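Right, one structure below, let's go through it.
Chains: A, B, C and D, in written order; residue numbering restarts at 1 for each.
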Amino acid sequence: MPPFNVPLGADALRAAGIPAPWAYGVADRVRFGEVDMLGHVNNVAYARWFETIRVAHLMDYGISDFNDPETKIVIRSIALTYLKEVHLKDDYILTTRARSMRNTSFTMDFAVWVDGQMTTSGEGVIVMLNPDNSKKPLPDAVRATLIARDGTEQT
Amino acid sequence: MPPFNVPLGADALRAAGIPAPWAYGVADRVRFGEVDMLGHVNNVAYARWFETIRVAHLMDYGISDFNDPETKIVIRSIALTYLKEVHLKDDYILTTRARSMRNTSFTMDFAVWVDGQMTTSGEGVIVMLNPDNSKKPLPDAVRATLIARDGTEQT
Amino acid sequence: MPPFNVPLGADALRAAGIPAPWAYGVADRVRFGEVDMLGHVNNVAYARWFETIRVAHLMDYGISDFNDPETKIVIRSIALTYLKEVHLKDDYILTTRARSMRNTSFTMDFAVWVDGQMTTSGEGVIVMLNPDNSKKPLPDAVRATLIARDGTEQT
Amino acid sequence: MPPFNVPLGADALRAAGIPAPWAYGVADRVRFGEVDMLGHVNNVAYARWFETIRVAHLMDYGISDFNDPETKIVIRSIALTYLKEVHLKDDYILTTRARSMRNTSFTMDFAVWVDGQMTTSGEGVIVMLNPDNSKKPLPDAVRATLIARDGTEQT
């Protein structure tokens, strides 16, 4: 069976014209259901894309399997800026990285790239919670992983 | 046929415990497809709700029918802050208003309310464009409508 | 707070031009995100509508709260026939009823109505399962409810 | 840039354990937003998947670019049968083929495969229309393409 949906690392992203420090991406193609009646990718579809790569990043990095009764990972806020339209069947690359972290949360950056040009950018704040919804300090292993793979800054 | 999906004005919103200056809302109920595997309304569903009420607001106010070849209405950015979880079958009220306007754009606020409490807030920047994607100054009629109905500030 | 999303019973449906034996419906309006690049309601949106009313029907009839560890309600198959296009901001009424039941399953009919005309029809087979995924006979209370409210035939 | 979203032909499908006569597929992975509160891929998500591969098939075969003012391609009906649950991050292959054709329509089969096992099957009837919504006979080039690539039967 052919490999597919393999995350792209720093080298593959540079080869696709995506600059440092992005180090985690996924390539995909615009689907019919993501285009709205105005003929371009719908604004909400990008929020879905950012969720998809956020979950893939957190699982691939071993930060969460979304099935741990001791830790909840929730999104506190999200922001998107629409720079250029994207259309049906366009090939694109999604990238994400944890830009900075605090005691109980971290901030992830997101971007969509078509032909090496950023077409949408975004960011989101992720919080770790205990089962009773109290804030949970990021475990040391999570901090180490984010620093090693994303160069995440402590702020 | 019974009235339904009737937008709620200022009086109806006050009666539902939603404070001034909100003056446009729509009541709805959480659907099965809006809840994710974590058991609460999915973060992307809120972006969809904000799009739904944004379009309803712009059409009801006569600002756009999304079918005018001379004017494109596009969203430049959107931001959402998640305050409280919402669950299957919860009744909620969506509100929106144009908070401020500049020469060629305006900023809309959004909120979700359950039992008179805000559970999600948001904002978005809307831009008017000519068919060639050059920026289009807001027509005087649009400015007058926003001021009269939403108390929009010129900034 | 104003009443909203109140299910429509037989009398309200007849008043809206929807014939017997339909006895359960919900009125709604087409949203921007349900229209695709071809300018009409997307074929997948109807499947979402049928899920929404199916869940509302099962909860309102007391058949499932989708939170019972002893009983799983799953959909075994679904079929949709597209009769007429529906467009942005069209008001429509969704209807559903359990047409027939067997030992461990029942078949639901679905329809979308605009101005008293059926625009999409559908059906789905619902199965009750025990936690180990073995088939579970429909409880007598469920049979009695379906017969009383939907006139469901035993087959 | 690595190849991605490359359609799989007959040889690749056989290597993945998918039998003849399937000759067109796409590999993908379940996303977070496709899983519902019951913990498995939502029934509506499959209808979206079938739309995605249907459009890809029609575009790749040169049957439609969804941008031809002289020809509309519409879906008349769709049916899905759910055989096995699929879960978050499962790798799957979607397949489709035009099984049979008549004068103005053709019937497509769909399937989802996980580890060589079919988990969902489906079919849909596609109709070609003129701009005035009258039925349009399938062009000879379309018939030839379907026979050559999918072994479509005339019925």
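As a convention for this text, a residue touches a chain if its C-beta (ideal position, glycine included) is under 8 Å from a C-beta of that chain, and two chains touch if they have at least 3 such contacts.
Not measured: the values here are computed from a predicted model.
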{"item": "Chain pair equivalent in interface to B-D, over half of contacts matched, among B-C, A-C or A-B", "value": "A-C"}
{"item": "Pair joined by the larger number of C-beta contacts - A-D, C-D", "value": "A-D"}
{"item": "Whole-Å separation of chain centres (CA-atom averages), subunit C against subunit D", "value": "26"}
{"item": "Subunit A and subunit C, separation of their C-alpha mean positions in angstrom", "value": "36"}
{"item": "Contacts with 2+ other chains: residues of subunit C", "value": "32-33, 37, 42, 44, 48, 51, 66, 88"}
{"item": "Of all residues in subunit D, those that touch subunit A in their complex", "value": "1-2, 4-6, 8, 12, 15-16, 27-29, 31-33, 48, 51-52, 55, 59, 66, 88-89, 91, 93"}
{"item": "Contact set on subunit A toward subunit C in their complex", "value": "32-33, 35-37, 39, 42, 44, 88"}
{"item": "Residues of subunit B defined as touching subunit A within the complex", "value": "37-38, 42-44, 47-48, 51, 66, 72, 74-82"}
